[in-house]
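Shared chain: chain A. Partners: chain B in the first complex, chain C in the second.
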Partner chain A sequence: MLNRTVRKVAVLAAAMLFAGGAPAQGVEISFYYPVAVGGPITKIVDGLAADFEKDNPGVKVKPIYSGTYQESVVKALTAHKAGEPPVISVLLSTDMYTLIDEGAIIDWSSVAKSAADKAWMKSFYPAFMENSETGGKVWGIPFQRSTIVLYWNKEAFKDAGIDPNQPPENWKELVDYAQKLTKRDASGNVSQWGLQVPSSGFPYWLFQAFTTQNNVVLMNKDGTKTSFDDPKVIEALQFWVDLSRKYKVMPPGIIEWGTTPKDFFERKIAMMWTTTGNLTNVRKNAKFDFGVAMLSSGKRRGTPTGGGNFYLFNKSTPQQQAAALKFVQWVTSPERAAQWGIQTGYVATRPDAWNTPEMKKYAAEFPPAAVARDQLQYAVAELSTHDNQRITKVLNDGLQAALTGAKTPEQAMKEAQREAERLLRSYQRR
Partner chain B sequence: MNRFSVQIHGWLLVLPAAVLLAAFTHYPAVATLLHSFYSTPKANRPAVWVGLENYRAMTQDPVFWQVLGNNLWFALGTIPASIALAMLMATWVNGKLHGRAFLRLAYFTPTILPMIAVANIWLFFYTPTYGLLEQITVDLLGLPSHNWLGTPSTVLACLIVVTVWKEAGFFMIFYLAALQAIPPALAEAAAIEGASRWTYFRRVVFPLLMPTTLFVLVNAVINSFRLVDHIIVMTRGGPDNASSLLLYYIYDVAFKFWDSSYASALTIVLLAILASAAIMQFAFLEKRTHYQ
Partner chain C sequence: MSTRRNPMEPQGLGHALETLGAWVLALLWILPLAYAFWTAFHPPEFATRFDPLAPLSLQNFVNAWNAAPFASYFVNTIILVTMILAAQLVLCTLAAYAFARYAFFGRDVLFMLVLVQLMIMPDVLIVENYRTMAALDLTDTITAIGLPYMASAFGIFLMRQTFKTVPKELDEAARVEGASALQVLLKVYVPLARPVYVAFGLVSVSYHWNNFLWPLIVTNSVGSRPLTVGLQVFSSTDQGIDWSIITAATLMTSAPLLIAFLLFQRQFVQSFMRAGIR
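Let's turn to the complex of A and B:
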């Protein structure tokens, strides 16, 4: 006991000596991370930790693979409730309000106080920071982030008599192209659909692309209000529903997220919407020439961002927090962000990462990699509110009810809004 | 003194199992019941006693009623079908035929495969246009294409088929063991009496299989409320909760919504359903079951 106290005092003294937040010797930071895309992610992360330790003797980084995003947040919150959370964790940017409400995280701005630290927090794309800040504080640092993009089969475009290098620019062209690309036999059976937008699991994310393009946002900045019953939201949903019901260019019913890339490889669909994170997968498996483009514009261009941020957990010591800050700053530096983007297919999170020699070379060799970056200027925050998972479930259920024809878009969105208002009531009082 | 030490001895022998049971079965069950009467604690709002509020909220929760209904249909769809199929397969591989061992293994294979892997394969079976099912219904039979997992009216049936396929082989093993325990003299006697094979099965084999059927039935009922792996992989409860079952909903509420007290209340309902099903089975079927 005495020994421990002495050590604590010594560590504190050391920390004071290195004013400015330099980590003390012998600090260990545990670090949960999920894997959500293909590729040897665990190996890459272990490599990052080892490189950091080489540059920063005295700090040990312990990466712990924690499953999918969903499993990771369950594990992190359970560990928090049991009193031993990780020091940092990569979790969905949309989990921010949940983590704050559970009192599980502390804001980075309370640790990163120097001018250099503040400049660092401002160095990321603003679209990524939308999901990382609330109440004037920075809670998340963008790490593995993505957007939705359009993939198209150039051969199918050629067969349908469309310029294979010209993706649809707007909704009208999108419908027009998709109609030309949908192949039907005499009895009405479809051998190739024009377009596929997945709707299983997390349809709200893809729906946000439609709503953003229709120039409407789904929630307020504080995450206490939603606007699911806005006429423009209903209009956006009507367009999605019409793609299969009115224009008949998309398969009816709910479309599975997981099989959509496979449908694309099998030439059952000519265009698909999916995450940029699938880029490496498509590059490897598509046996035909394909293109990657920004999503077509409605009233404007638009896509939600997605993916994970670094969170700093409560219950860590000041030394661990200082070391964690150092690690996160190191791993999000332009060179590392570029390296991470190239190895995984995620969007490098800051503009200066794209000016590094490696990234310039990669983007020149493989231009689709830069599409997601160029789209970022039109990107908005992914739907995130207090009681987030419940609200998204309410919206998901409504979307699926409309897409399967069980409810009209108007009815589905009005009911979703009523339920969301009921759930968010207690948060609006604060 | 001697009797006392025998008592101690006995208790010591029971102790390890008793401790494990108490720590991992009885305590959690009681704790769950208690939690269901409290509100969910949040960062700055500790849990308070709310009595039956969670249960009242449940009666007004449309999703709860929907998943309960789904679960009853799921049970109705899986239990009789998997038991009948298991009995049929067991009778078939109990006969004298070539490649019997291979056939038994084939029937049992679904059981040893991990559910997550299997569900991923079935996901592609059900894929519209190029999935295995569509290759048969569309390409061979010329029926119109259908989005099997993406339509509320067919998704539950699709999951029932996967479950029956997964379970029948497992239950078959029990029936096979029971069939082998039936003395051949009974078949010979029936043959001498001139009984048809169907009469022999109905009047002799089937009653003798009753203890096995009871055991299998209890297991099948429990499984119909317990299996959720394939839902996580194949549908995540969608579209619009059409394939969500009670246990999956509990997972959603507990680990996505972090509403632990409402999840506790739902768990208590699940426990009550299973307990009453077990009691009914043992009370009514026991009387009609002959143990040798």
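Let's turn to the complex of A and C:
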């Protein structure tokens, strides 16, 4: 403790010495990051920080592992309320309104003012920026972002007499293929399901793929209104429910997100929907030939984006903010974005990252890596509103009630909408 | 029936049913642990397939050990639980002694306030506790993880109830012999409450060994984080769960507790029973 006080005094003294002098001297930026994919992510992040420090002497980056996304936002907001938040943090893109409402973050546009900075903020895929801007300001910088894609087992396709290189193009084909792929024994027990769309944890995210494909959006741009009871939303939910009820091609009840890839490896399912973040995992563990495709289209193609953005917390000093900007620009540069995408399986966040030699080589060796990128043109923003945690919970509960058969899709969505309107009323008046 | 039997001991069908019940419960209890053992010691391909001839492997443990600095997490956790338990034992004993044997102004109100603490989930207080730790300049230290738990309401309540059951005559006899208040506490009350201390120690150590959210939030660096925070690296939500590595890591981190329990099992069970009889 004494040691720490001494260090603080020293830092303070140093700050006074350098005040007005050269910027970014002896600046420390703390940086919370969650881990959401397997592999030695903590080591990759520590490596990034060390590389940056080598290129930028005088700036110290202190990465702090902060649990899952949920735990990270709790940790960041708790620290914010106690007056010692991190300088930057990677948090879900959907936490944007919550962080703004809490007064925890400042927009990047107020720090990144030069022409080069402005060009940098425009260099990301527009689909990723949908969740990163509001009111004409940029609040989040895309970092570890993903979309949902379809994985299919080519061997199972061959066995069922389907062309193994033709993934289902639309909902009709999806049902049709899944029916052919579902294997039942004489007594009706299923040994292989046609399709699995996980519904535990965050079913709203997967549901958004169905609604987007049915050509309807779940919320307005300001994050103050939801449209859960739109007839097209109910229709989309009906389709999801029908996959197990009517067509009997998907296991009934709630499907666990975490074990779905395992079911795929074990050939218990022939097709699955899951994040592109799983690509490296599937590549390593699938013992059969598999394919990756865009999700089948309903009225149109569609998927939500997902994942985390960089946020800038507002209790930092101008020097820290300048250093943070430098770090985030460095870590999202085309080369680094490509490297991060290859190491983790996330989608590299900007078009020019795909033109780097490493990425070109990777995409040539492993074409599925580019599927998520090509799907981005059809992608929409992940559900994000004010009071986001509670709104998504309302929707999740409704979805699960419909999937387990406790409520009809119509009843579940009407009730969810009523509850969401109650929660959002105070934000609409502003 | 002519032979003398313990009237409480079930006979015939009752006995068989009770044995069967005990076995079923024991099997259900051991099943997750047995699964963890199976998965941890076999390559990932066998995580969900049972094959008695599957090759054994320690690779999962190696991978888990290398994924996070578990050695320092172990040290931190041990320091943490020892520190908390030591502080709890001292504080709770003194407080409970006062509540049990001294009449002073406001005693019942104070005791009620202590009991109120039992009804509040610690998670609700995270922000306030964090503010306090920040004000004390203690964030990111092991002390900060332990401090909010040291004055344990449960411990005070448990010890007070135990001390109340000690016959007053023993207390008076000791005082007649010239023992001071502190001597009476140490020579009469504490030895008689030993089984309760063991039981409380077990509950406290296992709770703090497993505590997760508060340590994650209040600490930032490897130097102060406990095992549970290190374990969390493996629950990769975006990607599904690698059972082999997670079970290996779980076994590794819970091994000290499991081994300690097996070694001292008899003492633990006995002390719980005695504590219950009182």
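By definition in this document, the second predicted complex is superposed on the first by the 407 of 430 C-alpha atoms of A that agree within 3 Å, B and C clash if a C-alpha of one lies under 4 Å from a C-alpha of the other, contacts with A are read in each partner's own complex, and residues count from 1 in each chain.
Simple rule for what comes next: contacts are C-beta pairs under 8 Å (C-beta built on N, C-alpha and C of every residue); 3 or more make two chains touch, one makes a residue touch a chain.
These numbers come from a predicted model, not from an experiment.
Chemist: Given the touch rule stated above, what does A:P142 touch, chain B (first), chain C (second), both, or neither?
Modeler: Touch partners of A:P142: none, neither chain B nor chain C.
Chemist: So, A:P40: does it touch chain B (first), chain C (second), both, or neither?
Modeler: Touch status of A:P40: second partner only.
Chemist: After superposition on the shared chain, which partner residues are touched by A:I255: those of chain B (first), chain C (second), both, or neither?
Modeler: Touch status of A:I255: first partner only.
Chemist: Given the touch rule stated above, what does A:E266 touch, chain B (first), chain C (second), both, or neither?
Modeler: both
Chemist: Taking the superposition on A as described, I'd like to know which of chain B and chain C A:G223 touches: first, second, both or neither.
Modeler: Touch partners of A:G223: none, neither chain B nor chain C.
Chemist: Pick one for A:P168: touches chain B only (first), chain C only (second), both, or neither.
Modeler: neither
Chemist: Quick check on the superposed pair: does A:D101 touch chain B, chain C, both, or neither? Answer first, second, both or neither.
Modeler: A:D101: touches chain B, not chain C.
Chemist: Mind working out whether A:G302 is in touch with chain B, chain C, both or neither, as first, second, both or neither?
Modeler: Neither partner.
Chemist: Is A:V74 contacted by the first partner chain B, the second partner chain C, both or neither?
Modeler: both
Chemist: Which parts of chain A are touched by chain B and by chain C alike?
Modeler: 74, 201, 258-259, 262, 266
Chemist: Help me check something: in the complex, which residues belonging to chain A touch chain B?
Modeler: Listed in rising order, the residues of chain A that touch chain B are 70, 74, 77, 98, 101-104, 187-191, 199-201, 251-256, 258-259, 262-263, 266, 268, 387, 389-390, 393, 396-398, 400-401, 403-404, 406.
Chemist: With touch defined as at the start, can you tell me which chain A residues reach chain C in the complex?
Modeler: Residues 1, 4-5, 30, 35-42, 62, 64-69, 71, 74-75, 78-79, 81-84, 146, 201, 257-262, 266, 274-275, 277-278, 281, 285, 307, 345 of chain A touch chain C in their complex.
Chemist: Provide the residue numbers of chain B that touch chain A in the complex, in ascending order.
Modeler: 42-44, 63, 123-124, 127-130, 138, 142, 144-145, 147, 149-152, 235-236, 238-241, 252, 255-259
Chemist: Which chain C residues qualify as touching chain A in the complex?
Modeler: It comes out as residues 44, 47-49, 66-68, 126-127, 130-131, 133-134, 137-139, 141, 213, 216-217, 220-221, 229, 232-243.
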